[in-house]
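The following pair of complexes shares a single chain, chain A, combined with chain B in the former and chain C in the latter.
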Partner chain A sequence: MTTATIIQSLASGLLMGLLYGLVAVGLALIFGLMDVTNFAHGEFLMLAMYISFFLFAFFAIDPLLSAPLVGAAMFVFGAVAYLFIIRFAMRAKANIGMVQIFTTFGLAILMRGLAQYFFTPDYRSINVSWLGGKTISFGGIFLPVPQLVGALVSLAAFGALYFFIKKTDFGRALEATREDAGAVALVGIDKNRVFALGWGLGSALVGLAGAVMAMFFYIYPDVGASFALIAYVTVALGGFGSVFGAFAGGIIVGLVEATTALIMPPSLKAVGIYAVYLLVVFIRPRGLFGSI
Partner chain B sequence: MDQAHAKRRRRDLIVAAVLACIAALVPLFVKDVYVQNIMVLTLMYAALSQAWNILGGYCGQISLGHALYFGLGAYTTALLFTKFGVLPWFGMLGGGLISAVIALALGYPTFRLRGHYFVIATIVIAEIGFLLFHNWDWAGAALGIDIPVRGDSWAKFQFTRSKLPYYYFALVFCCVAWLVTWWLENSKWGYWWRAVKDNPEAAESLGVVVFNSKMGAAAVSAFLTAIGGAFYAMFVSYIDPESVMTFQFSLLMALPAVLGGIGTLWGPVLGAVILIPLTELTRSFIGGSGRGVDLILYGTVIVLISLARPEGLIGLFSRRPASKGAPR
Partner chain C sequence: MKINRRHLVIGGAASAAVLPFGTAARAQAKEVVIGVIYPLSGASAQIGVDAQKAFQTAAELINNKYDYDLPLARDEGLPGLGGAKVRLVFADHQADPQKGRAEAERLITQEKVSAIVGTYQSAVAVTVSQICERYQVPFLSADNSSPSLHRRGLKFYFRAAPHDEMFSQAMFDFFDAQKKKGQKIETLALFHEDTIFGTDSANAQLKLAKDRGYKVVADIKYRANSPSLTAEVQQLKAADADVLMPSSYTTDGILLIRTMGELGYKAKNIVAQDAGFSEKALYDAVGDKIPGVISRGSFSLDLAAKRPMVGKINDMYKERSGKDFNDYSSRQFMGLIVMADAINRAKSTDGEKIREALVATDMPGDKTIMPWKQVKFDAEGQNTFADPVLLQYVGGKFVTIFPEQAAVAEAIWPMP
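Showing the complex of A and B:
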């Protein structure tokens, strides 16, 4: 194993990690806002990838251009999912934790079924995008352009999210609701609207991730499942509720995965991620950046 | 109040005995092998969900990694039988004990975790188990283990001519899981668990040994789950990591309890009786098309039930709605 191989895989790991972070950050946002883990997060990602695919197949819009469209579509989808399903799960008087787990889980199964029904179980891919198959090299390290662009989109999205939360009225309402949903109602902020906005925003972020990932992953009804568990681990690693934690968690997960792949059979690369997660939470039960 | 409680417990026991007798007579009238198969699975899931309910429902530790214990039971039995010719009964017991020990070992660090951190830790641990078995050549890796037929007998726990012996074992297993829960519900542990579930800090301050009672729940729950895994291995006579250790499986064990009513004696039974036939029927009648209609139906049912009856369907049967009862 040469130094070049190690640097090469760490570089790929970093790019992948930024994407994991982007997938996870929407989850972290929703969790931080209302203490709900969306177990259909992977299916939201899958839907976004299909939207991107169909925009490409029918209108020949490159995934890079369609990313904002996919994000917008997913914003609407997330807000609607909140208003028509999640909102009712939050009303449960008993077993609220289980109710939200199984409601979102049921939604995941439903979405997977619908995807199989309407899109068939076939594997699809967008292999002729502008960037498809291109690589660039930095001092002997080769980086695939789609992944590199994906990482840049991810960084930009984090920046935009940070700006949104800190500088806009809606962002401040979001932060306030997360602090104390009851008090917020007293100053005339509609909690439901803020939650719907949170779901929309979280889903728009995973929509962006899906559009970018559609450039270099196969698209099929179960694709979300494989990324969802990594997203939960990423969020928990960073600390539930911490958007910055999800970002840092993503990078760590990407690097750990790349390192594990160097020393273990590829089929075991996820074991490294899981082991690091367990190690971190056993030492710090609230994740790296989670508040106590 | 105490008298009412004792009366309720006696009534539960009588109802259970009557239901078990009816269940024992059903195969005399239902000869269809396909239906018998569904009945076996229903009883098995009722027992598994009851086992899950002990830790997840009564003790409030939501594990979504019980597939690990199920898989360990299945693999221990299958490996001992195929590699060393050890009778499945010993494999079953061995798998149960291994699972209980592993549950204790895993409980030690994981029970310090709260809420979603705990849930995700259980998922991740089971997933590590899945990946390890998936890559473990001696245990058949991804191909799994084909359990050869060595003749019909109770000793070898193999029956090729009829499903009835499996049915009666599943019935006994289900009754045992129910009885264990019934007994534990009223034991010191049972009270501790409810205290731990409702408010761990308050329980701790009142002298409940929170940690030990969680460990107890985990060990009992894992042991029973592994028995189910051992049974399943012999019943289907072929196992691989995909069929016994995936996340879907962990959910399938929790789901009946959740739909029926978690932390209740009858919830898992009711949930399994509704959910498992529904799953199997939709899978074979409309799932064959490969178009996912079964998933659509299944997902819709889960969403609707958890939204409409968050306390579980068992709430329909109680005269006093759970949500309007005394604050818990």
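Showing the complex of A and C:
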């Protein structure tokens, strides 16, 4: 094992981790806001990747340029999903947790099925983006440009989200609703609008992730599954309800995955992630940065 | 998926007509029901959807008159059963062995199928064939390649196509031949997914490498459908073997080649155990990065030059699916022909009689669309006369390069 190998692993792990973080932040935001785990999160990612793909296939818009468009489209999709589906699930009189799980889970299966029906199960990919396949290398370390850009987008998106939550009125309303949804209703804030905004934001973030990933990952109806599982672990590791925790969790997961693969057979690299996860939950059940 | 109301009505009426009479009446049935079990949703759904078209093409050939030198093509339906037509019932196993088990049971007990063909994933073939054995319904692996499948002492298991040991053997024969020509091939790197397909394939290759004096410098087992293969590729790059030998399904194959490009690793040569590397989707995505990749196969469109019927049947398939036959769809097509031929000779839909007919199968190679010598099963239900070929991806399509008697071009070695 040379120094270059180790640095390469850590660099790859960090790039992947930032992406995991970006996928997980949206999930954490929605969970933190209203205690709903969106089991269709992976399918939201899949949809974003397809939107990016079709924008490229039909209008030749590079995924890098289409990322804001995909984010905006997913914002609308997320808000609509809340207003037309989740809102009604939240009204359940009994077993509300179960109803939410089955609603979002059902949404996931529906989205997968529709994707297979309309987009066919063929594996798609975007080959000729500006950055696709380009790599920067120095001293034996290779950094793929699409992932590098993805990492920068991820950092920028997280920065913007942080600013939005801390510095704007709507962000403060979001925080307040998170703290006490009942009380904010008393001061005239429409809970449903805030929740819809939260779903929109969370979906926009996963939309950005999808657009960036379309540059270097294959796209098919089930693509969300492998990322969603990691996103759930990431959120739990970083701490339920903490957007910052989810982001940090993503980076940790990426790095742990890379280092595990260095010292163990690669087929066991997921073991490292779950070992660290179990350790964290054992010592600190609410996760590293969790407040709940 | 084209199931329209007419099919449902016909299907419903037919099964209603057949049900009350039991086995004796079923023997005279106007149709023979065959279960086809594939991943129609999930990660490998595209394989299943393409497979459906391959089976429908075969059923069309069997049920109507065509002037091809292929069993049952010249008759309408199965003459041995009074012209009974073949009806296919498709089931979706979602690449999950447990769902495969349940679907096989449903096909047998509720759909009353006379035989089952499947399954793409070898891991699913394991459970489906066990259910078939229990109900004494013949099962034919159309495209499963794990060698362990036919070594379980099952009486109702059959496979007309080669398995991974035969395929791997062809690869090592090819290496030996290249070495004789003065090429340097000393080190190999194995890269395989962690289900039965990848594991069996790697075991066969490890054994052959040891027997024939090749050094395996990396043997990397990875988790199927991983979000990232960076660590794996890094190890392959460090090993930098003379030949990289992947056994991967399509998604992982695409990611592997992409990641190799990103990490600045260009393999000297790639000889793939088919699967993802025979899929059009992989070449659409990353074909430009691997000019000259070699994959094993049991089909090549080259054969159409020698047997024009192959080209014509390929056109029929292409009209349905928009794709040429590949290694999978060709084996799926032949799977149904072999099974229907046996049912026809059995003159019965009884499981034991069909099994006996399968055992007695003796189909000359030129009556298939494959480069096989013959279809004849050994005591374990394996066709040992199914000659594999090696294909090289050159100029956007596959050409046969090995063995010599089937080759239409010299191998370009090392890869360009």
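Simple rule for what comes next: the second predicted complex is superposed on the first by the 288 of 292 C-alpha atoms of A that agree within 3 Å, B and C clash if a C-alpha of one lies under 4 Å from a C-alpha of the other, contacts with A are read in each partner's own complex, and residues count from 1 in each chain.
Basically, contacts are C-beta pairs under 8 Å (C-beta built on N, C-alpha and C of every residue); 3 or more make two chains touch, one makes a residue touch a chain.
These figures come from a predicted structure and were not determined experimentally.
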Following the superposition defined at the top, how do chain B and chain C come out on chain A, clash or fit?
clash
On the A-aligned overlay, A:F88 touches which partner chain: chain B = first, chain C = second, or both, or neither?
first
First (chain B), second (chain C), both or neither touched by A:A270:
both
For A:D62, is the partner it touches chain B (first), chain C (second), both, or none of the two (neither)?
neither
Quick one: classify A:E257 as touching chain B (first), chain C (second), both or neither.
second
I'd like to know which partner A:G113 touches here: chain B for first, chain C for second, both or neither.
both
Please indicate which partner A:I96 is in contact with in the superposed arrangement: first for chain B, second for chain C, both, or neither.
first
On the A-aligned overlay, A:D122 touches which partner chain: chain B = first, chain C = second, or both, or neither?
second
Determine, under the contact definition given at the top, whether A:P221 touches first (chain B), second (chain C), both, or neither.
both
After superposition on the shared chain, which partner residues are touched by A:A236: those of chain B (first), chain C (second), both, or neither?
first
Partner touching more residues of chain A, whether chain B or chain C
B
Could you pull out which residues of chain A sit against chain B in one structure and against chain C in the other?
112-113, 116, 120-121, 221, 225, 265, 267, 270
Chain B contacts chain A in the complex at 62, 109, 112-117, 119-121, 123-125, 127-128, 131-132, 134-135, 247, 251, 255, 258-259, 262, 290-303, 306-307, 310-312, 322-323
Quick check: in the complex, which residue numbers of chain A touch chain C?
5, 8-9, 12-13, 16, 112-113, 116, 120-125, 127, 133, 135, 137, 142, 144, 147, 216-218, 220-222, 225-227, 230, 257-258, 261-262, 265-267, 269-270
Chain C residues within the chain A interface of the complex:
41-43, 45-46, 48-49, 194, 220-223, 225-232, 234-235, 238, 250-251, 254-255, 258, 261-264, 279, 281-282, 284-286, 288-289
In their shared complex, at which residues does chain A touch chain B?
31, 37, 85, 88-89, 92-99, 101-103, 105-117, 120-121, 221, 225, 229, 232-233, 236, 240, 265, 267-268, 270-271, 274-275, 277-278, 281-282, 285-287
